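Just dropping this structure here.
All chains are identified by letter, namely A, B, C and D, in their written order; residue positions are counted from 1 within each chain.
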Amino acid sequence: MSIFIDRSDRVLVQGITGGEGSFWTKHMMDLGTRVVAGVTPGKEGQVVEGAPVYHSIRRAVTENPANAAMLFVPPRFTKDAVFEALDSGIGKIVTIADGIPLQDAIQIRKAALSQGARVVGGNTSGVISPGLAMMGMFPYWIDRVYKPGRVGVMTRSGSLTNEVTAMIVRAGFGVSSLIGVGGDPVPGTRFAEMLPDYQADPDTDAVVVIGELGGTMEEEVAEAMLSGSFTKPVVAFLGGRTAPAGKRMGHAGAIVSGGKGSVKDKIEAFEKAGALVADRPRMVGELLRTAFGRTLNR
Amino acid sequence: MSIFIDRSDRVLVQGITGGEGSFWTKHMMDLGTRVVAGVTPGKEGQVVEGAPVYHSIRRAVTENPANAAMLFVPPRFTKDAVFEALDSGIGKIVTIADGIPLQDAIQIRKAALSQGARVVGGNTSGVISPGLAMMGMFPYWIDRVYKPGRVGVMTRSGSLTNEVTAMIVRAGFGVSSLIGVGGDPVPGTRFAEMLPDYQADPDTDAVVVIGELGGTMEEEVAEAMLSGSFTKPVVAFLGGRTAPAGKRMGHAGAIVSGGKGSVKDKIEAFEKAGALVADRPRMVGELLRTAFGRTLNR
Amino acid sequence: MNIRRRTRSRNGPRRRLCADAEEVVAAAAELGLPCAVKSQVLRGGRGKAGLVRLVKSGDEARAYGSELLGGALGAAHGVRKVLVEEAVSIDRELYLSITVDPQAATALILACADGGVEIEELARTAPEKIIRERVDIDAGLMPFQARNVAHALGLEGKLSASFVTLLSGLWKTFRDKDAELVEVNPLFVTKADEKGERALVAGDGKLVIDDNSAFRQGGAEPSREYFDSDVAYEAAKEGIPYLQFDGDISLMCAGAGLTTVVYDLVNYEGGSVANYLEFGGPNYKKAVRAMALCLVNDPKVILIVTFGTIARADVMADGIAEAIAALKPRCPIVACIRGTGEEQAVETLKAAGLEPLYDTEEAVRKAVALAKAGGRA
Amino acid sequence: MNIRRRTRSRNGPRRRLCADAEEVVAAAAELGLPCAVKSQVLRGGRGKAGLVRLVKSGDEARAYGSELLGGALGAAHGVRKVLVEEAVSIDRELYLSITVDPQAATALILACADGGVEIEELARTAPEKIIRERVDIDAGLMPFQARNVAHALGLEGKLSASFVTLLSGLWKTFRDKDAELVEVNPLFVTKADEKGERALVAGDGKLVIDDNSAFRQGGAEPSREYFDSDVAYEAAKEGIPYLQFDGDISLMCAGAGLTTVVYDLVNYEGGSVANYLEFGGPNYKKAVRAMALCLVNDPKVILIVTFGTIARADVMADGIAEAIAALKPRCPIVACIRGTGEEQAVETLKAAGLEPLYDTEEAVRKAVALAKAGGRA
């Protein structure tokens, strides 16, 4: 089993004819993902990596039913592209766009929530279940960083995730499914909303949360642990512990606002909930060993 | 049992301090309705017919929980008033306002649908279950027109409803529950949406539908009959059979548009579904006799 | 009130408004021949009525301009101005409108690749050809929806982009103006020009604004030209629903549904209606004005039917007594006034010399009989 | 970029913008004494810093005006203009803002009857005092919601109506301007005047516009005055995230999260940061510009850490080699460049005279050690 995406999902690629779209479509296919069609308005009739291209999702799905959409669409067109996918009943949507207007992001999340769909991103590298399938921008040098295994990963970052997962792999573990919720202040999907899937997944033994200052997503994970709805071991790694107050450092979402979002608060919440908190990337691997007591299947 | 409103419902009156609001509040109370509080911004502290008045619904329901709201609010403020009621979780709302802007009406219906609430109106006299309770503007001379009985009534009109129910009563029947969905093009509640309640109501043996040209609400009732979801006898009376094409005669909703809504179509639909169609008000009583075969409890 | 305005679209052809035949000739010369001459009247089916024509020469422009502006044809249809438009070379005609889906509580785009025809007719004859796209009124029209309609209409490339711009503009009008209907029909697709480019041209447009939004749309006073007659215009200014016919019986009733049914019943009984008039609702004290609006038609009978709750029977009866005293109508009046305060109403009507009835159908039959007898009791 | 603009509200007091002490005296005479003199600088806590004062006489106005405009106090804080405002007689101070609730995916009104304080502080010290009202971003602010906030703030009658108008205006600004934050703090309630009337007066305002909306907000070029330093301003113009500190180690990293963690790790190891700089994302080819922005701070060490996917390691290494050749930095460079094309990157870095590392923590330790050694390898 995997979280979010596996080989049975039928994926549309929006913006498939662009440089980014076609480049990563090939990667997705090579990593096992079933891309059934592409969509770029005005480009119907083209073929990209064997996938037929349509003007619109409505036309694409008539001939190629799909349940997932991968967006390589610029930020300013992302709301329209997400709504187009939702309109055709597509329930799994990943958008890598970095720079979605804040109020568009609110509308995207609201629409997804009201339709029971899941939008992952923007400002993310995407999702991957190593060895099964990938939606996003994960490259081939996967062995050292995204080796298949039994540790779930949820993250707000891109490069930092490579850093941390490399440490997970170096410690002898591997990744079951990784969800990059993205670095924006209003991500389409929040950490805690993925927990029921990780809880139910027989292939995930523990979850690493790669968080940072700003927002309350990490606190919501701690709440789920405290409430007993999530019971697997959690190792948290948080960036921005020494970040200066009042400055926006890093992602758009990485700022303390309305008195919420300091790393100190997040660490307290995690520790209270029984999560192990790593100071440094390397410590993530060590704490996973602690969490498993070196006994579980790696 | 009754449809929509009975003596257990706790009713707020919005606009209670106005002339219309206070006048009909007394009527509602006299006819059995439990009015627990009133709301008029700026008038908190007043008392109308024994009901305490608050600035807002939120303040009113803190002290007086309510599940229904009766609006005596001008059309231009109706959307705000309906949204205020919905915001406090009130699930039964009646608005008599005649002249709600069309696009406001769409927003009202959309909001009600999305929250699973029911908004009846505007442009209606309201709802009444004779002998039990009333929300709206039904007067005391009820005996001749709104005698308690076992015939459900759904209507788009006001004065015409008096005309037709008088004929129902003259024919020896009475009314179980009457819902005035109102004469607007986008009513908050449509005929067919009330059918499950009438179907389930042990006190309703048949339903009279008082419709007219325009829209498709009557056709939707016929569809429910054809699909087998509504099985009680239906007598339909339709106004505007001889109305000239292309003119707006009567209610705002009473116009043929987009090729839909002619009385001819509605009669065909009803007859196909097995409803009895009355040409004249008097015939409604006669057809009820036919429908019951003079055997049922009147 | 149902104001229909002809729109001037950014996508429209170049045009000049003219008030006499010489202006038509000058405009035709400026815009180039052939060009279209269109009567400015608020009615559909102008083509069939001969009110729109393509003229091919200056002489033809002068002749047709004279027919419309000053001539018999124009006079018969109340033409006061004509629009001269450059002729566009048309490849296809489309239909496009935005209206409301009451059941789904959304706005609704209707489009059809067969334009020029009335949508009512299309819905009857070829409903499968109508393209429908629902639009959430709060979230608004999304570009992908406009593209979907464009694709369904067979518009590709630049035409698709033009269509998205056009439809987005129509959507903005629909919302900003509180419209019930925004319609472009026909929407022309031109033939390819020397560069191979095609364009969209709005052939004709209609905008129906929701009367109920007047308080926020700065609702202008209705203009005389939107009405068939002076009396309909007068009634509209007073907010009294009124329709003029050429029959014998003036209706003066309360309640939109009841008035419509009385109209039906008069027709069932073989009578004919002189005017539909509602003086219920907020106007129920305006009996004098209402009766005056009936008397304009010199009816054979005035038929009054009410069954009111808020519109009290006794107040109505007082108003009718007052109207009779003030206007002294020569025709007979049949009155059937029921509802709140009806006992008092009966006394008032009797005192005013009427014989009040209690049954609508009986009242209608009596009115029809009186009308057939020439309006003598 | 995080532009904060001071708003001019219709609810604000009468005011004059002045550029020298004599203008301050004249404005004070015109508006009446006492009046408030407020330095126009883009920072919070102006009161505490002595940049806002109530002046009671013309002499005091001249003296304080001179201190701010031309004097040492003003120079220290970069004051170039001051606002002279009529003094309002204040009864209460409120807090009011509109921001975003990411979890509920709505806008969020925050209000508090204890104004003048920072909301962050309030959230810590008295969260129960914060009034919250969620607003659906599509349906918009409803009047009843504004009234609910007014009531919760204890505003009644005309004050409640004024508040509804004020908040509706703020909502319009929030939506129309794609704001992240619209804030009025303090919002004054004046004492009753001779007629017993009270008013709402916006004491100070803040508007934070979402940078990502620049394409539809006509995003102006950032203005120098919004930045702490010339180099921060230069970086912003190039779209390179940059923060200046007063430490030894210039960070030149890719990835917002990774850069932040490197910043943490430097601090953990007892080092200090000269600047935070991200050249990942779309800027990852701008190594020359990035290194130049680091060298402005004359750092003891430049620390480069990347682990990129799209931001390819080999392209980054090429850029760094180019930057070294062009800028010839005198300080040592510690580089830890991993990701797509890293084998090639290693070769390039070695050719440029660097010793590439593969482990972030090792790289940080080395950089801190070098910095402590005075920047000599």
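Criterion: a residue touches a chain if its C-beta (ideal position, glycine included) is under 8 Å from a C-beta of that chain, and two chains touch if they have at least 3 such contacts.
Since we're looking at a predicted model, the values are computed, not measured.
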{"item": "Chain C omitted: connectivity of the other chains", "value": "one piece"}
{"item": "Farthest chain relative to chain A (centres taken as mean CA coordinates)", "value": "C"}
{"item": "Distance from the mean Cα position of chain B to that of chain A, given in whole angstrom", "value": "49"}
{"item": "Separation of mean Cα positions, chain D and chain C [Å, integer]", "value": "57"}
{"item": "Set of chain A residues in contact with two or more other chains", "value": "107"}
{"item": "Overlap residues in chain C, where contacts from two or more other chains coincide", "value": "136, 138-139"}
{"item": "Overall pattern in which the protein chains touch one another (line/ring/star/complete/other)", "value": "other"}
{"item": "Every chain pair in contact, whichever chains are involved", "value": "A-C, A-D, B-C, B-D, C-D"}
{"item": "Interfacial residue positions of chain B with respect to chain C in the complex", "value": "75-76, 98-103, 106-107, 109-110, 113, 125, 137-139, 141, 155-163, 166, 183, 185-187, 190, 210, 212-213, 215-216, 220, 239-244, 247-254, 256-260, 279-282"}
{"item": "Residues of chain C touching chain A in the complex", "value": "139, 142-145, 147-148, 151, 156-157, 160"}
{"item": "Contact set on chain D toward chain A in their complex", "value": "2, 99-100, 102-103, 105-107, 110, 119-124, 127, 136-138, 175, 178, 180-181, 210-213, 215-216, 241, 243, 245, 254-261, 263-265, 267-268, 276, 278, 280-281, 306-311, 338-340, 342, 360-361"}
{"item": "Chain D partner contacts - residues on chain C that touch it in the complex", "value": "136, 138-140"}
{"item": "List of chain B residues in touch with chain D within their complex", "value": "41-42, 55-59, 77, 79-81, 83-84, 87, 107, 111"}
